[in-house]
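Each of the next two complexes has subunit A plus one more chain, namely subunit B in the first and subunit C in the second.
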Partner chain A sequence: MNSASTYLDHFFFLALPYVAFFTFFFVTIERYRNRKFTYSSLSSQFLENQQHFWGLVPFHYGILVVITGHIVAFLVPREVLWWNSKPLRLYILESTALVFAILAAVGLVAAMIRRVSVSKLRRVTSPVDWLLFALLLLQILLGIEVSIRYPWGSSWFATSLTPYLWSVAWLSPDLSYVSPLPWHVKFHIINAYLLILLFPFTRLVHILVIPNPYLWRKPQVVRWYRPPMGA
Partner chain B sequence: MRCTWQLRRWPAAAVQGLCLLASAPALFGQEAADFFRQNCISCHTIGGGRLTGPDLKGVSQRAERDWLVRFLVNPQAMIDRGDAYSQKLLQESRGVVMPQISGMNPARAEALVDLIDAESKLEKSQFIGVQITDRPFTAAEVETGRQIFRGERSLKNNGPACLSCHTARNLGGLSGGQLGPDLTRAFERMESRKTLAAWLGAPATPTMAPVFKKHPIDSEEILPIIAFLENQAADGGEDLSAGKLTFLLVGLGGAGLMLVVFDLAWRSRFRSVRKQLVLSSTGRGEE
Partner chain C sequence: MNVRSQVSMVFHLDKCIGCHTCSIACKNIWTDRKGAEYMWWNNVETKPGTGFPTAWEDQDKYNGGWACEDGQLRLKSTSKAKTVFNIFHHPNMPTMDDYYEPWTYDYQHLFNAPEGPDQPTAVPISMVTGELINIKSGPNWDDDLGGSPIYAEHDPNLKGLSEEQRQQLFAVERLVFFYLPRICNHCLNPSCVASCPSGALYKRGEDGIVLLDQNRCRAWRACVAACPYKKTFFNWSTGKSEKCILCYPRLETGQAPACFHSCVGRIRYLGVLLYDASRIEEVAKSPAEELVEAQRSIILDPHDPAVAAAARANGIHDSVIESARRSPVYKFVKEWKIALPPHIEFRTLPMLFYVPPMAPVMAAKETGPVKNVSDDLFHDIEEARVPMRFLANLLGAGNEGKVRYALRKQKAVRWYRRALTVGDVSHAQAAEMLAQADCTPEEAEAIYRLTSLCTFDDRFVIPPMHREEAIEMLVDPLEHKQNAGFGFLTGPRRGL
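Showing the complex of A and B:
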């Protein structure tokens, strides 16, 4: 391993996670204490309701299933490996994850097309929103690419990435697990840290607003009321 | 770092030397032996004959100590520099470059040379290598190896199944993983049961080493895995199954199906904003 790649590994997998998590916690709390009414995804359903469904539903169900899978592999790696010990179960798990990752990608692309094609939505979409769209799309496409190019991720995540992530959590990062991984995988991890870093500056904060009944409530039209001028 | 305080008082080189001297004694004995076991035995024996790399018995008589330390710290740099003995070793190992070992430094290299010297003097070193049968494998052993490879038979020390990262011919289903190489011809590449057994005893690639350091493959499991890989190599070829394409098509098909499900589940959803409501709320429509 040459010194340049060692340096980059230290920067991205040793320093960046702590910068990302510190920023995440510090700014998230600061924003909630001082600007709590900005904790919203700023619904645009009222401005356009035809294409909205094809962005909202596939993206959210897709991304929630995929993120849950990552969290489960982080928390209970031995159980994931046990599940994968039967090849058929492994194939079912991986195929399900791929289906929902593709749904997340389809939903995100639909949401981006909607934001570009409807002039009212372009006006309410900030540069930070576009940055978030770009990073999320990159992250999902990289994840899909990794899952197809380097199967079977649910197993090698549990054996190689989970120990690295726990070593970061216990404040003694062990880069030996992550350093030899292909750059596609490393890029996916780095981009995840960037998303965590940017989380409190974006509309992603809506994830933290509790109670969060978006998953089971009936669709509802969000409308606003503005008193007539001079009233 | 223990010696950081000295940086204020001494030139950096002197401090580094002191630190190495201070840490070297801890590397003798058991620690050096553990390091050798975890990082070296997949390619070397001491008195057990050549594997991928040379037998290290009496290596200090074949090369200067200083050369050995420099080579251990960075083999690739020695080869790149055109060092004649490094080139000879490279040729003897059929172009396989000794990897730079994680955690290797001059103090550790010194300790390893001392360990090799001490083990070389013994009639039978603890690193003589795996002694493995040369009788033909039975069908049952091949099948057991196949089950271990696919994960159906768990490894005793909780290591991950080979299928997680490797594929081989005729595994069935969506085939094996591809983070690591196709192992159909692994036996052919390793050339002998002994070399493969040594490798499986302490897998040395940067990806496998940290994983199997904590979950080593049990010696009883090594034999059936070799049986399976030898059987795979006997027929040659590689994994040509369309596992990846099938996987992608399953993903696309499943996603398409889910979109239909979503559309049906929310078939009574609002399909447009109620324009009249908008107009009346902005004062531009009829009351």
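Showing the complex of A and C:
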């Protein structure tokens, strides 16, 4: 391996993750504390309702399933490998993942077309939104390509990427797992770090404020300055 | 008994002249901003008419409010489980087309246009896109179009009216309409609050004002869909929802809300009601025809020493209890029973009440003056051009009896005063009418005074809000004193 590629590997897989995660945590917290008002999903459904459904729904379901798959492979690689030990189960997992990835891609493209074609929406679409759209689309397409070109991703993710990601998490990055990977996969990883890096500067922060307390809170909310004794 | 206080309102529809001063007062203070141009926290609708947003009362279309099924209250537009699935796309979310696309005019062109053979014009420009706009509808698009086949005929309150009654409403040259000014009802069982996934909407414990915490709103849009009165609005620029705040900064300093203060017809009344918060759910579950009475029953008598004691025990200040005793709203709603809640069948328990209008009811049915001599002294109410059914759909959850009672009492008061001042009605006849309308001369006099001779202080009995005490809960008062008076306000900047 020549020194240039070693240098690049060090930059992208050793330095970049820490820069990305540090920025992610630092800026999201800073933004939440100082600019809470900017935490919003910035929904545009009020301006356009029909295409909204066909873009946003497939995209969100698709991306949620795919990301969940990545997280599961990161957290419980052994169980994933066990599941994949039977070919039928492997095929089910891989094809499900592929279907949802395509769903996400189709939804994202529909959402982008919507943003271009409806003049009202152009007014509420910032350059940052477009950067995000581009990176997300690139990421999903790369993911789909990798999964088709280098089967079976769910298994080799568990054996080579999971150890690398854990080594990053434990602050002792081990590049020997990622260095030999094909450039498609590397690009996918780098782009993921870029998305994490940009996360706090975009509307992606809405992911951090998913309103799960709604599932267990009482329907009515009352705020007191001076709560009565019984309340 | 869990006594709470609620700043409540009465709009006397008989006095509304449809001048829209209230709407403009509100707009100038609160919604003259980017993203809020289309909002009318206060608006005045022509009834029959489709209103704003179009056909808001039609819950088959908008799915707002609550449904009561098998003894359970549930939101029509959402639920805990549905929230998970509807968070990406809310199926009951209205769009700007249901309201209107705001516009301005290219006034500069009037000055900058090159000299030519014809007058320059100021073309309409969309305030959203900045592009030329072909105006299709606007705020109050159906203003005064009482007999219109495009608008009035689609009023959801016409449901259940016979063909004859409809013709009565729409007869050419004798068509009839009245005005319905609307603000947020600051409900006791608000569906906007119950629907908000983020918990951004809340009811203020001390005065019952329903507010939307701008810092917690995440634009999940559930409140806009859930409010059956469509009085929460989505700001397309900031990406946050907004609503009427009942001018709480004004109320806290003893001033009437802007729409109340500016009302030319003096139709608006504001005062505190004490109510039993432990019964909210039970009352909201009442059968539709009993809802009006059930809501009245939740309102407590502030003169009752037991109620006052329970209120005091709950931390309600004596001055607020005293204010509740002088509340004009209590008189209209509870004592006289002539103010009724709008569409209480939505089960949000609105705390804005309307005195049903007499004018279109009493107007001559035949050409010529109203007959005032008849065996049935209230005959013209039954023969009114605005059918009782229509008013009952709007103000009585379909219960005609409640509307009839309010109209009969109003008419009796008029005839009583007529006997006193004009003299063309005999005192015996006036007394007979009062008796039939369940009204005493003292009550008639009080209704007359609060309707016709009311001063500013009669109409607005604003409770002391005791913010000086509220401060203690937030910071040390001394520290607050040292810091108050100078600071920075930041504008609502949209997120990236």
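Assorted remarks:
Going forward, the second predicted complex is superposed on the first by the 210 of 231 C-alpha atoms of A that agree within 3 Å, B and C clash if a C-alpha of one lies under 4 Å from a C-alpha of the other, contacts with A are read in each partner's own complex, and residues count from 1 in each chain.
Basically, a contact is a pair of C-beta atoms (placed from the backbone, for glycine too) under 8 Å apart; a residue touches a chain by one contact, two chains touch by 3 or more.
These numbers come from a predicted model, not from an experiment.
When the two complexes are overlaid on their common chain A, residue A:Leu81 makes contact with subunit B while staying clear of subunit C.
Look at A:Ser155: by the touch rule set out above, it reaches subunit B but stays clear of subunit C. Looking at the shared chain after the overlay, A:Asn49 reaches both subunit B and subunit C.
Looking at the shared chain after the overlay, A:Tyr39 reaches subunit C, while subunit B stays out of its contact range. In the superposition on chain A, contact of A:Phe201 is made with subunit C only, not with subunit B. Look at A:Val106: by the touch rule set out above, it reaches subunit B but stays clear of subunit C. Looking at the shared chain after the overlay, A:Asp174 reaches subunit B, while subunit C stays out of its contact range. Contacts of A:Pro213 after superposition: subunit C is touched, whereas subunit B is not reached.
When the two complexes are overlaid on their common chain A, residue A:Ile67 makes contact with neither subunit B nor subunit C.
The intersection of subunit A residues touching subunit B with those touching subunit C, taken from the two complexes, comprises 46-49, 53, 57, 61, 219, 221, 223-226, 228. Contact residues of subunit A toward subunit B in the complex are 1, 46-50, 53-54, 57-58, 61, 78, 81, 84-88, 90-91, 94-96, 98-103, 106, 144, 148-152, 155-156, 158-160, 163, 174, 176-177, 179-182, 219, 221, 223-226, 228.
Across the interface of their complex, subunit C is touched by residues 35-49, 52-53, 56-57, 59-61, 119-120, 122-124, 126, 128-129, 201-203, 205-206, 209-211, 213-215, 217, 219-231 of subunit A. By the touch criterion stated above, subunit B contacts subunit A in their complex at residues 100, 102, 150-152, 154, 158-161, 163-165, 171-174, 176-179, 205-207, 209-211, 243-244, 247-248, 250-252, 254-255, 258-259, 262, 266, 269-274, 277-278, 281-283. Subunit C meets subunit A in the complex at residues 2, 80, 83-84, 87-90, 93-96, 101, 128-131, 189-190, 193-194, 196-199, 201-206, 214-221, 224, 234, 236-240, 280, 313-315, 469-470, 472-474, 492-496.
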